[in-house]
Structures are given as structure tokens and as C-alpha cells.
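Below, subunit A partners subunit B and then partners subunit C, in two separate complexes.
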Partner chain A sequence: MNARYLPLTATVAIFLAAYLVCVLQYPNMLSTRVIGNLLTDNAFLGIAAVGMTFVILSGGIDLSIGAVIAFTGVFLAVLLQATDIHPLAAFALALLVTTAFGALMGAIIHHLDMPPFIVTLAGMFLARGMAFVLSIDSIPVRHPFYATLKGLYYKLPGGGRITLIGGLMLVVFAAGILIAHRTRFGANVYALGGGAATAELMGVPIGRTTVAIYALSGFLAGLSGIVFSLYTSAGYSLAAVGVELDAIAAVVIGGTLLTGGSGFVAGTLVGILIQGLIQTYITFDGSLSSWWTKILIGLLLFIFILLQKGLIHVTERRRRHA
Partner chain B sequence: MSATLKAYARRLFPQVAALAVILLMVSLAFPGFFKLEIQNGRLYGSLIDILNRGAPVALLAIGMTVVIATKGIDLSVGAVMAICGAVAAACITSGYGLAATLAITLGTGVLCGLWNGLLVAVLDIQPIIATLVLMVAGRGIAQLVTEGAILTFNDPGLIFIGSGSFLGLPMPVVIWLVFGLAVALVVRRTALGMLIEALGVNRRAAMLSGVSTGVLLIAAYMLSGLCAAIAGIIAAADIRGADANNAGLWLELDAILAVVVGGTSLLGGRFSIAASLIGALIIQAINTGILLSGFPPEFNLIIKAAIIVLILVIQSPRAQSAFVWFSRPRATAAGKAGEEAK
Partner chain C sequence: MQSASSYVLSAVGIDKVFPGARALDRVDFSLARGEVHALLGENGAGKSTLVKCLTGAYRRDGGRILLDGGEVDPRDTLEAQKLGIGTVYQEVNLLANLTVAENLFLGRQPRRFGLVDAREMNRRARALLSEYDLDIDVTAGLSAYSVAVQQVVAIARAVDLSGKVLILDEPTASLDTHEVALLFRIVRRLKERGLGIVFITHFLEQVYEISDRITVLRNGQLVGTRETAALPRRDLIAMMLGRELVGEVGSGNRHAAPGGDVRYRFRGFGRKGHIRPFDLDVRTGEVVGIAGLLGSGRTETAEILFGAERADSGTAEADGRPLDLSSPRAAIREKFGFCPEDRKVDGIIGDLSVRENIALALQARRGWARPLSRGEQDRLADHYIRALDIRTSDREKPIRLLSGGNQQKAILARWLATNPDFLILDEPTRGIDVGAHAEIIRLIEELCEKGMSLIVISSELEELVAYSSRVLVLRDRAHVAELAGERVTTGAIVEAIAASDGRAGT
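Now for the complex of A and B:
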């Protein structure tokens, strides 16, 4: 088997093993209801994590997504409260703003030659600040269209529901996989992550790709904000704090190298599901405290980093012998 | 000696100038800004307040500067602050003396640093991920120590560290000034600083020329852990309790920002602890200034982001080279003059 697939295989194996442990202890966790909820509850995180996967594949990082999600939520809530605009138009407007915001960060990173870490950190302050300026209160969304959207679901056998937002996450993942592996842009992202200088020599348009990557991340963070707004039916400027960390953790657990150039969008989905599973298990157990989630995710991160290190070590040795 | 002093002044000039401009702008909006007064043998005033409130970030920035100089980054300092605050509160409430509490807490911080250092130096993991592990898990560990509650304490010795005063200055200010000076002296009066810079510029080359890079790397992260522990004690002593959820939250970002504003490159190499400390003061001056000048607090983050972007754009390599380009005619004239002289 190709060594490239090993981290992904390990992630899937750990997810299945963890799920088996959960099911042995609580047989109810096998129900489609739990699976449906797993998708719904992690939809906003998953959509944002797809954008993060592209950014990390290119060797960058985007710290602004949590703030952009909060901004989008507040933006939608304020817009729907103050005007008669249809939610769909508001969604389009929000996506436009966040995509432009991402593109701007990409442009600064490329043209001013600044580290993505610092640029997106400033972006995080800016987006969170814009959310504060719009409103410091939690604003409820009472538009009937929201209720309609929330009422849409596909009923699974066994009573589980794939809600609109849960389904949307799966669609976004499918689209992400297609973009990463079947388009020129996807190939450019991988090339950029392998090394900017080599990529440039191969004819990859560095500037355009960098701007497009961060614009995509901004777009998906905006979409994630819309999903979060549907999920909570409110906009609050202090919401979604630290989502960028969860997304980064999911990407790493999903087997993507943080140095860029190697990894899979599909792995991120499994990474999200593993995090969701830990949370579900803690809810089922009832006696475990919520902070165990953080400790377990930290531990998983550590295991996966070790695994990747070992893997790189083995492949390099094999290459040396060959 | 005067040449090194001149070089020092040139290095620190942009940061000092930025700080002065910000302080002047605040004093325009808030006239009583520079006023200092002594009450009960202690200095009071907005300037002292900036020094005092900036203590945690300043302390973190000291360790962060050394770590960034080795081409690393330490994302875990905020979480380590939470852990150490929790440990300090747990120790003092369960009856340990002040000295034992401080020793255990500082030891915990150093241990956290050792963990990060081992991951980076021995397992050769990228610093940003290696420290991400502790950043994610750290708050959980801190909550494990406090058992999910906010542990409060009323030991006068521990509280003194957060709100006491020494020679008229608040205790946190004294601590970060003394600690910053001590680290700067140790690093600059020995070869240590140069070795760290060598390691940051090219680890392999440094190793080949006989620098024990592994030990240095681990020491850098341990120093960062120690700084986080002191900052954690100050933060906990200040509110007389350990809040595992909020102590040091996002301070790692402020600390990194302080280092970057201080002009130390994230790519490792040359560093200046003094410049990072001024960077920390710049950030705190912005925070305090926005509050004092009566802007609605909602605008805080936007103004902060705008100022930071401005400072970074001025420092960015592209802007620097544009600067050189604009002053080119003079440079070429000088070059011609040099050639003619030959």
C-alpha cells in the first residue's frame, strides 16, 4: 500500500475502533439518530475545517475562521432584524463579504510577504471587532424562512435525520475532495505546500493561488457562519471562539501534514467525526466532565503527530535503502 | 562601547518611536494621561497602569522571544498560565507554605516547557504543532486540577505578588523588569544569545559547528514555560483565584504579536528582548489608550488590528525593499563616488 494513505487509514481505523468501544458500552450509540446528530452538531465545524484543510495543504494557516463565523452570524442577525431583505439574499451578501475578506488576507500574505500566522491573527481581531461593532448583544433570528430551513431533513431508517446543515456539510466535503484531487487549483495547492520555490519553477501562479486559497477559506468560514446561524437561530459576537483550533486539530488528526503538501480532505471529515464521537461519548456517560474532551483531543493530536513522524522516518529509510 | 550603544539605539528606535506616538495620541484624547502621583508610598497613574496591566504579556514575551529566535513558536503559554495558576491555588489552599507553592508552580511551568522542548528537539516535531498539543489539552488539565471550579484563596503572601508594591512600583512591574533584565543579561553577556541566533538561522549548520542544539532548544522552551508560570501566578494572585477557563486566554497571541511588533523575525535568528518588552508595552498602551480616550469598547479590536497591520506593513520585507528603492538615487551616487575614488 502507498505510504501516503497510511495516516488516513490509521485515522479511519481509530474512528472505527473508538466507535466499536462506544457501541459495546452503550448499544444505543449504533442508532441512526446518533449518527444524524453527529453530522448536525458538527456541521459548522466541518465546513470551516474543509477551508482549513486547503490552507494547511498549501503550508499556511488561517486563525481567523472562528471570528469570521461569529461575524457572519451577527451580520445575518442584524441584517434580518433591521431590514426586510430575504435571508437568501442576506446569505449571498455575507458570503460575498467573507470571501472578499479572505482574498484580502491572501493578497496581504502574498504581496507583503508576511507570515500567514500574523496576517490571519490580525484578520481574527478585525473580524471579531467588526462583529462587536455590529452588536454586542446576542440577537435572535425570528424569520419564518429559518424555521422552514430547519424543518428540512432526510429521514433515515431507524428515526435518524440528516438535517439540511448536516447534509450541506457532506456536500461541502464532497466538493472539497473533488476540488483537491480533480482540478488544476487543487494540484496547485499541493504544489505550493510542497515548496513555494519549486512550485513557482513548475509554473504555478503563486500569487493567484494564495489569494484563491484564503478566499476559499473565507467563503467556507462564511458558509459555516450561515450554518451556525441556522443551528443556533441567533447571532452573537462572542460565539465560535476557538473554532480555528478545533478545525486545525481535526485537520491534523485527519492525517494532513501541517508543513503542507500532503494530506486528504476526506481525512478531515473523519477527524471531525472523531472529535464529535468523543463529545457524544462524554454526553452518554454523563459522569465524565467536559474537560476530558480537551485532554483526549490533545492526546489524539499527540498520537497522530507521532504516527506521522514514524511514517516519514520509515519511508525515508526505505528510500535510502532503495 | 558607545558604538554598541548606538547600534542598540538604532535597533530599538522604531519601537520606541511607535510607543511614543501612541502615548502622545492617547494624551491628546485624555489630558491627565502623563500625571503620576504618590499615594501611601506607591505610584499611581495611567503610565504605571500600562506597566502593571502589561506584566503577563511582557513576561510571556521574554520567553517567546527566545523561542522565536530559535525559529520556533510556543502556542501553549496561555494554557500553561492556566495550569500554573490552578496549581498555585490548589497548593496554597491545601496548606503548603508560600515558598513550597511557588517552587511547585514554577517547577510545573518548567516541566510543561520541558515537554514542549522534548517534542521539538528530540522528536523533531514542528514547534507550531508540538505546542498545539499542550495548548488544546492544557486548559483541560487546568480544569482537572481545579476540578472545574474557580479556586479562590486569601493567602496574603501570594496576593502580594499580584497587588503588592515594592519601592513604590506594583509588584508585577518589578517582577517583569527584574526578570527581563536578568534574562537579557544572561543571554547577551554570555555567548548564549549568539548560539541561539545561530541555531535559529540554521540548525544543522549550528550543530555541525559544535553547538549542542538539542539542549539549547529544550532550554528555550523551558524558559518560556518558566515565564508562563510566573505570568500565571501573577494573573491568579491578581484576582485571588484560579480560573482555568479564562486565565491567560489568547495571551499567547498577544505575546507573539509583542515579539513581532518588537521586530524579531518569525523566521528565527536575531532577536532583542528589550524590543519585545517595548512591543508588549505598545500592545498594552493601545488597549489602555482606547479605554481611556473614551472610544466605545466595541471598537477596541478594530483599532488594535489596524494599528498592528500598520506596524507590520512598515516592517514587512517588501516595504523595506521599497524603502531602499526610494532612497536608491543617493545610494548609487555614493556607489559611483566610491568607484571614482578607486
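Now for the complex of A and C:
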């Protein structure tokens, strides 16, 4: 089998094994309700993680997305409280702002030749700070349109519901997969992750691609913020702290190399589902502290980093013997 | 003479000035359709600068470039490619994480309904590579294939994209004989198709094998362009070096073993799985050469002598006193020095300045508690830059900006600064040009006259013969023969290497 599919295969195998263990212990976890909730509860994280996957595939990192999600939430809440524009218009405005914010970070990374880590760290503080400027309180959203949106769902056999936001996450993943593997932009992202200098020599428009990648990440963080706003019906500047780290974890567990150039968007979905599954298991158990999620995620991350190192080692040795 | 119209590419009076150095001084260059034109010169002669000016990687400061008779001014390599000038570099400039087909069609993937049509792309990739007799799985990652195959893929991409001029910048540097033959077959075929091919290399025999004309640069100036068939090798070397290369075909003058006493005595020295135990005596002021095929244990011998790998058997003594060679630090304390083979990986620290690179080993021996003052470092660096003729605009230049030969000299300077008694050089002339070869050889001879004991590992047998008083021959990780005196000839070394069970080295 092609070595590049190995991390993804490992992720899927771990997910299936974990699910099997859960189902053996709590047969109820097989119900479509659990699956529907899994999607709904992780929708905002999943959408943000798609953006993070592109960023990491290109060899970068985006630390700003948690802050951008919080900013979007507060932005929407303030806007809907203070004015009477329609939420859809507010959504469009929020997406515009976050996309431009991502594009700006991408432009700085490219034109000033700065490490993405530093630029997006600055972006993180900036976005979080802007959220605080808008409001330091948690502002509830009481617009009737929110209730309408939350009422939308597709009923699965067995009583489970694919809610609007859960479905949206699946759509975003489908779109992400299409963009990553079936467009020239996607190929350029992988090329960038394989080596920016070489990619440039081969004609990849480095600047445009970098800006587009971070703009995409900003857009998806904004979309994730909208979903989060729908999910919580509130905007709070201290919300979604550390979501970027959960997203990175999902991407890495999903089999994407942190050094860039190798991985799959679909893997990130499985990475999200693994995280969600652990949380669901803890909920079912009832006696475990929710910190066990973090501990298990930490262990999983560690295992995957070892797996990737091992893979690199094996392929290098095979090459040397070739 | 060919008429001007038969030239696919001509460059007239190209100037390029870098801060502190004139890299190109009104250089003319012309390339005919269907010719292989070798571009030669020492390191730093301006070959790559010229190529970079032609491909738009550098902006030239003066001169004109004519392509098919019309003036062009490529702003970057992409524009040059669109105009018809494609380049393939020594380090394959493709992406190892993409598939072969993706590498061939990156940026111009066939699309259907706006989406990349992978099946069509793979089909076209197979068709393209079949022109080069390459029948490989184009959906596999590029990293699955050898450098030679990657090189061919790079050429296929460059030719497919540009189609008029192909520039090959040291394409054979990391290929073996068989792979070079494969590459040359492809070059000849492209030549028949009417492409103009510029070929840059250090290997003179390859120049004579494949090229029609030769252009030689020296210190940024054009020395001349000649028909290959009418240019004897000696004249070519003279053109490149601008001086008679002393001792290039040196033979036998040093073979009388020096009368000095045996200074270093290694008995049963070895390490399991690394190199079988060997005996070795080295006299004061003697060069002992080590010959063998790749993988025969040459580098392993060097590593064990320097303590980079700890010996698990045998003894080492100097003047009857036991030596501690348990680690490189210990070896440095015993006044050992080691210039490793792969200077890019093991030798230079690219982002540090020439000065810092030179001062490194001496500082390491003194320990962190006794830092070299800036003044001492400056003196040290200036001394060796002068003494070894290291060509750099100043001592604070990051060493990665220097040419290979000058980096090699800087590493040599690093060890000379520690004033070693015993110096191990692993492939000191690899990847550097003929002129620098001669200089390094001269340095080796000078060091040895000063009473230093040297071990030199080299795959250039003529060189070994020129400066070694004895040559050890290695095979299958064991020392199998020692040649001394009159028996130190390339023929005898080859025979000793070949006198095996017929197994070629890996």
C-alpha cells in the first residue's frame, strides 16, 4: 500500500476500534441520535479544522482561529442587538471581516517573509482584543431567525437529527476535499508544503496561494464563529479559547504531517470524530472527569507524532537502499 | 562558423555586479539549435550567474538577450520558461511529496468542469514519459524513485514547458555511470529534436563525450568558445585555470616513504558492524591515502579514527603514549582534526559567517570558559582567508554564500586553526572544480611538508597517487591491501579493489 495513506488508515482504524469499544460497553452509542449530536456538537470545531488543514498542508499554522471565532460571535451579537439588520446580512458582514483578516495575515506572512506562527499569534491577540473592545459581557442573541435556523434539521431513521450546523460541517468537509484534491489551488497548497522555494521555481504563485490559504482559514473561522453563535445563541469574548489547538490536534490525528505537504482533509473529519467520540464516551460514563478527553487526545497526538516520525524514517531508509 | 540566424539563444555583453564583486563582465554566449554547449569554469567563474541571468532568476545589469533573433527580457524563471528557456538543476527541483504526474503538470493540470481531471493528467504524464523510455507508475510519489528518474522527470517537465532551450546545471553530479549514460541518451535525443542544450558540469570526460562546443568563463569574464573536437583537454584546462596546472598528472615524485619515525600506531583498531579491526602506522609528515568503492568502509575508518564512532577493539598510541579517541572532543584534545565528506551536512554551518566557521573547532577545544576574543577570531579568519586564498568579499559573509571549493577551504582552515598533528580529510575535492582541486592538493602537500600527518580519503585515484606515500585499499568494510613506494599507481589500486570475489560495491 502507498505509504501516504498509512496515517489516514491508522486514523480510521483507531476511530472504528474506539467506536467498537464504546458500542460494546454502551450499545446505545450506536444510535443515530448519538451520531447526530456528534456532528452538531463538533460542527464549529470541524469547520475551523478544515481551514487549519489547508494551512498545515501548506506548511504553516494559524493560531488565530479561536480568537476569530470569539470575535465573530461577539460581532454578531453586538450587531444584532444594536441594529436591526437581518442576521443573514450580519453573517455576510462577519465573513467579509474574517476573510479579509485572514488575507491580511497571509499577505504579511508572504510579503514580510514572517513565520506564520508569529503573525497568527499576533492575529490571535488582535482578534481577541477586538472582541473585548466590542463587549466584555456575554451578549445573548434573541433574534427569531436564530430560532428558525436552529429548528432546521434532517431526521435520520432512528430519531437522530442532522441539524443545520452539523450538515453544514459535512458540506464544508465535502467542499474542502474537493478543493484540496481536485483544484489547482489545492495542488498548489500541497506544493507549497513540499517546499516553497521549489514550488516557486515550478511556477506556483506563492504569494497569491499563501494569501488565499489564510483567507480561506479566516473565512472558515468566521463561518465557524457563525455556527458557534447559532450553537450557543450568544456572543462572548472569552469563548472558544484554545479551539485552534483542538483543531491542530484534529488535523494531526487525521494524519496530516505538521511539516506540511502530506495529508487529507477527510482525515481531519475522522480526527474531529475521534475527539467527539471520546467526549461522548465520557458523557455516557458519567463518572469520568471531562479532562480525560484532553488526556486521551494528548496520548493520541503523541502516538501519531511517533507514527509519522517512524514513517519518515522507514521511507528514508527505503530510499537509501533503493 | 554558423550564421547568426541559426542561434536559438544569444547573449551579448552580459554584465552583472554584486556588492563588492563583478560577477559577469560583458560576457557573450551563443547557443545553436541542436547543439550541446558545455559551459565551464572554476567555482565562482560566473557559470551559474550567467545561467541565472539568462533564466531571469537574476536581473542583469547590462547586455542583451536574443531568443530566436528577437530581444527578450525575462523577469523571472517562469517568464523565461514561457519564452522557451527551461532549466534543470543539480538538486532536483521537483516536489517529493507530489506524484510524478502532479509534478509534471503542476500549474497546468488538465481540467474538466473546472476541476482537475486526474485521470487525463495521469494519461498525459504516461504519454510524456514514454517519449523518454520511462515506464513508471506516474501516480506514485516522486520520492519513490531514484535521483536519475527524478532528473528525467525534471527534464521532461522543462522540455514540455519550454521547448527551445534546456539548461542542465550539473545534472550528473549525483548519478552513477549507468544513470549518466541514460541521461546522455535523452540529451542526444533532445538534441536531434533541435533543442539548444546548455550543459554545466565539473566532469571533463562528460564534456568530451556529449558536447559540441565549449564556452569557458573565468572570474566573470569570457575566455573563449571552442569546438569540442578541436580542443585538447590540456588546452581546455589551461583555459579554465589560466595557468598550467602543476602536478595535475603528477606521478611518483612523493612515493619514497619519508624517513620519519612512525608517530601514530593503531593496532587491531575496529568496531563491530562498522569496520573490521585494522593496523595502521602513520609517520610524521606523511600522507596516507585511503581508496575503495563507496561503502567499502572509507568513511567508517575516518569516523573511528576521529572517535565519531567509538572503537570497540584495539589500541591507538602516539609516540608510544596511548591515545584517548573515545569521542570527537577527546580526539580534538589529542590534536586530531577531521574534515568530513558531506560538507553541507556535517561540515559548514551555513548561516554562520566565514569567521565563525573557522573559529569553531579552536573554540571547541578551548572550552566555553575561555572564549576567543573577537580580535583573535578576526586575526585567525583573516590569516586563513589569505593563507588558503579563500575567495570571499569579507570574513563576515555567511559561509553558505561561498562556492563549494571555498567552503572546503574554510573547513580546512577550521582544523588548521587548531594546529592539529593528525588530520583526516574525507573527499576533500568532491564537488569542487579542477582549479580548486589543484589548490587543495597543493595545500595537502604543504601541510605534510610542515610535519603534519594526514589521512586522505578520495575516490580520485590520480589525486591519491599524486600525494600519498602509501595507499590503503578497503573492500567490504575491511582493509585489504596496503600499497607503498613504487606500487602506488592507479593501476595497482584498481587491481587491489577489483581483486575481490567479483562483488561490486553498493
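We take it that the second predicted complex is superposed on the first by the 322 of 322 C-alpha atoms of A that agree within 3 Å, B and C clash if a C-alpha of one lies under 4 Å from a C-alpha of the other, contacts with A are read in each partner's own complex, and residues count from 1 in each chain.
By our rule, a residue touches a chain if its C-beta (ideal position, glycine included) is under 8 Å from a C-beta of that chain, and two chains touch if they have at least 3 such contacts.
Values in this document were obtained by computation on a predicted structure and should not be read as measured data.
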Examine A:Gly159 and indicate which partner it touches, taking first as subunit B and second as subunit C; both and neither are also allowed.
-> neither
Once the structures are superposed on A, label A:Gly194 by its partner contacts, choosing first (subunit B), second (subunit C), both or neither.
-> second
After superposition on the shared chain, which partner residues are touched by A:Arg4: those of subunit B (first), subunit C (second), both, or neither?
-> second
Give one of first, second, both or neither to describe whether A:Phe302 is in contact with subunit B, with subunit C, with both, or with none.
-> first
Subunit B-touching residues of subunit A, taken from the complex the two chains share = 61, 63, 108, 111-115, 117-119, 121-126, 128-130, 132-133, 136, 245, 248-249, 252, 258-259, 289, 291-295, 297-299, 301-302, 305-306, 309
Note which residues of subunit A are touching subunit C in the complex, please.
-> 2-4, 178, 181-184, 186-188, 190-191, 193-195, 198-199, 201-204, 261-262, 315, 319, 322
Counting only contacts in the complex, subunit B reaches subunit A at residues 73, 119, 123-126, 128-130, 132-141, 143-144, 148, 244, 253, 256-257, 260, 266-267, 297-306, 308-309, 312-313, 316-319
Which residues, counting only subunit C, touch subunit A once they are in their complex?
-> 77-78, 81, 93-98, 102-103, 106-107, 109, 111, 114-116, 118, 140-141, 143-144, 146, 157
